């Protein structure tokens, strides 16, 4: 097993989930690489030092450039706010590093294009961390679609509902609330939440051709954590859009941070000619399934506990025993395992930067449509 | 369509559900009889008169004997407290009336035997109102068992949990709370709630051979509504028993009125070699189904909305359209329809008095076992 | 109690639900009128005769005009396809009859306006049968909103998903499938299903100011039941729209008959500042409730079994006992009881024809928006 | 942070869960010890070597005695079949090691007593791995009970239902199926599954005073994996018992491996005067809660997603963000964190060997009761 030196940039929520994956992957998956926690970069010295100690990084730096330039780093793992993705990723590509980048790809399509160009030119393996693809139930849905079990698709529906910004006292900017600051995040729920829904939808259901959207900012002004002063809110608090897919099906998407009672209600439902599928992140180990092919009087929605079935359910034979669930964090382990296997095989691992650029384009079209109050076509690829 | 004159005895909760069935049955079922609300009997003149007017009875009396003696009554419908069933039913049988009697059959096995002897001797049609058998999902369960879909049965489990007597301020006796008075009810949850569970279980799963039970009376003394004075409580507040069925399966039953949060949680679950079934009265239009015969990776519990499927689900093609549920009251309509069709065909309709006597025997064995702290065998039939 | 002579027009699915309500209302509700099933009108003599006999109508006619002209009819109950509502309702109003009309109000806004003008001019009581308002859980939701328990509303979401027209072999037109024939129905899911969602939404959440919609007709041609020949399909098979409410909240609505696995999945969810509400027609006796005011660590979605609570939950103290559910049909009984009480009090009963015209206008705006691919404003009232 | 050298004995399913905990605990919990994977013992050289390499153990041995004797081992972690617990634990205690032992404590009460005596004499920290106590929702239930939120307890109900041994082709003995071999396991579902239920119940609800049980062995003979020959089955395939708790409440417990459709349906329900609690291992991150103290009309069962709430829900502030669930494996991390904190503080950590002996006694009483067909009293402690 070959060692693979990891340089992590960032040590927040995503820095933790990615690091955990690097530490766990070899115990559960037989893969040709062993990630070594070589270095972590972060701006605040005391915080990055504490993080390095807790998680077992061999070293730390306060300037990400120093990390990218190190010869002994094989893979750069980017876990910083969206506005820093492009610069770091381009530098890492130029330095010949493999790159694992948090989602969304970038602040905007233009940045995304530059990132794709950079990895293409450098020929380095690259992956964007749309981790929900690799929740076993979600991967299982893709498997069922690919087996043709759903037939023609009529509807694709997805929501991502949260409630954490209802209070106007939540600030914008800073470390914990940069997602509310348009300068750091690029957009609100569209880039943060809908990007997940769109990534999964494009994977499950193919290209989106047109979108029509509505956005709203319920709280118009919030204190900025950096300045301590009220500042206009530039992000979308809520976004709804419907769309058409190239396969003829209709899409309906919604995300908000003002849905009281929901913390992370990412749900999707796919209605096909022969069968339908539903999933909900709150109970991520279950897939709901309805098959018209069942004996008529016995038809009903099944709640499938996706925890193994003899190895036929994705990833689960690597964990415990049937009936015992895994959690959120394991999706990052699966993502890393797949990435490392693909690297060893010299193959791309989806969603690549190029794949994620498509999601970025849909997000951009959604925001444009909402601003214009009109349908926006996606460019043909 | 022949008219069938109904004489109702009692006008409480059950008097209402039975009367409603008599009024509705012909609109929804094609049956050879038309029930006519001829007379109702009740002890309190003002109450019985008001009831007769509201529900459209042609006449009323305050003495049930007067009703039973009337020549123009074809069917006597007994909806009074348990301690009156035997006397009325025997008189009605002797008068040659058809009899529909509320459950449980009687106060005790001895009374039950006399009732069976009376209807046998008179040769009159008779039915005990274990109405839950005829909730469509429960009947559907029986159909699936009879089709052999479950294979060998390993376990039968049933609960009936309520919470309405937790407060010691609830009185015993009187009109509304006679179920807490052992003189009127014969027993507590065993006769009131477990009798339902046992009736369904005997129907679904065959004879019970042995029982082992535990009972408890949590509130030892309650004011009696008739005397206004505290009096020892003679009923069982809670009862748990396990048992063996003749088919080799194990049973586990429990009822209580001290399960905070449950109003009418009658549930059963049957585990067979090939499939399992679950049901819950709180959502009575659904049946949960698990089939080992499903494709392995897609196995899961199905929630079947039992609301038609092309007429294959019991009773439901008589009501509305698929997806639209019926309620509790319709089970009495089904019961009446089946009874009237059987009468016209000259066939018995289960559960007859004789069938219900078996349930009475199991209840008696349960109470005996709890008192003795030992297994009690059911007599071979 | 005063007798109120009912003349029913139509004897299909809705003719049955309305007639059932006329027969049941006095047994369960103390109201100042007793509906008398005086006459029913239907085009096919054998069918209307059989219906009259089954349900106890005193007489029948094959021409609705004959019924409307009868002096002894007090209330005309319109249960025919949408394209006949206007002509019948206007004639009934001119004849001075009280009118109960099935939903949607009319084929289009113009017809609706004429109907409103006719009942206004005649001064007759009028009600449109958006029965789902009077499912207890739905009425309960309105009560909670009116108590201010939700605070500022951010989101209103409603779906009505079915799957019965996926097969291209389902015909259009005729008795059973007139809802697929644009000439009889006026529109597809918009008038049939979304009209219900919109009626409830306007009641719960106030006026809609703008809509933006997408529709699709998946099966372009179906055999017409009258001609036996293939004919283009003129209805919308699916419709999605988002909108803005006057209170600042965002709406998201969808209906389809191509959602495999759903028979009647009418759901709504309301997200307020302090609390959220969800409901699903498939389990109509439950309301889901989330309150931010609950003790923090114990917050969660509650599943409230709306079956009484001491008379505080709407309508349920008229039926059975807590824990025992009612079904779909009872919503029509509630509707009738409310209508008759309002008539006696000389007050309007919502949704009146005028109220229903607003729903008609929203439906029209939705269809217009979908055709134009653009936002459509609702006129200020 | 002090290093704590771990010697693991066994490398099966439990060896994996415990090792994972040793590797993860410091990243998520601030505790005074850092577990070092010093050595692992296992009988099959190739297997133990592979396990050591995969999980990062510094060394391996094939004789557990060699491991126990090593001076550089601080904590012995026993993850072997039940029949080996006593011998290893006694030796480890005599060698002065801290001990973490898989459940159940021992094969029988006599072995258990010796183990307790050994750790008492040696004065070494000891813990039995009843890991389900430390699923956050289960710990949360204990917290709510201790806060007095339930009031007087009336009922405690627990099930543990599986379906993996229905086929008579499943062998007994060997590595994968030693749980079916009475020589290795001591008992069947009683020691394997009910032991978990009993441990939780004693913790939640206090001592059990009397039990009355029924057991069954559905498949009487199975091939033995060691001999390849059919051999009588000595374990209980299913066990049901009811009991009385010292606090006056009634218990009802059941476990089986013949409940088609259930993989790991460990559920419990507690009914108190003021509130009730339900939990299900299949969705382990949720707790169901019903409070009579809620506003009457809004009472209902709440589904609490136990994933943080501001740090008030046990353990969850150490993981991700609200709404994102953890899985089965994390319960072992919590257990280890609590154990290490207690060791540092010089305090016992429940369930100690002595605590687990109580569970062993209840299991023994259950088996004795089933054999005798009679109530069995638990000795007063």
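As written, the chains take the letters A, B, C and D, and residue 1 is the first residue of each chain.
Convention: contacts are C-beta pairs under 8 Å (C-beta built on N, C-alpha and C of every residue); 3 or more make two chains touch, one makes a residue touch a chain.
For clarity, every value in this text was computed on a predicted model and none was experimentally measured.
*Asks:* Specify the chain most distant from chain B by Cα centroid.
*Replies:* Result for the farthest chain: A.
*Asks:* Counting C-beta pairs in contact, which comes out ahead: B-C or A-B?
*Replies:* Of A-B and B-C, it is B-C that has more C-beta pairs in contact.
*Asks:* What's the distance between the Cα centroids of chain A and chain C, rounded to whole Å?
*Replies:* Here chain A and chain C have centroids separated by 42 Å.
*Asks:* As a quick test, compute the distance in whole Å between the mean CA positions of chain B and chain C.
*Replies:* 36
*Asks:* Provide the C-alpha centroid distance between chain A and chain B, rounded to the nearest whole angstrom.
*Replies:* Using C-alpha averages as centres, the distance is 55 Å.
*Asks:* Considering chain A alone, which of its residues make contact with at least two other chains?
*Replies:* Those would be 262, 299, 301, 305.
*Asks:* Looking at the complex, which residues from chain A come into contact with chain D?
*Replies:* Going by the criterion above, the answer is residues 13, 16-17, 19-20, 23-24, 26-27, 54-56, 162, 164, 262-265, 281-286, 305, 307, 319-330.
*Asks:* Using the touch definition from the top, list the residues of chain D that touch chain B in their complex.
*Replies:* Within the complex, chain D contacts chain B at residues 154-155, 157, 161, 163, 166, 212, 214, 216, 218, 238, 240-242, 244, 250, 252, 254, 256, 258-262, 271-276, 290, 292, 299, 301, 373-375.
*Asks:* How about chain C: which of its residues touch chain D in the complex?
*Replies:* 140, 144, 287, 289, 291, 294, 296-305, 309-310, 312-313
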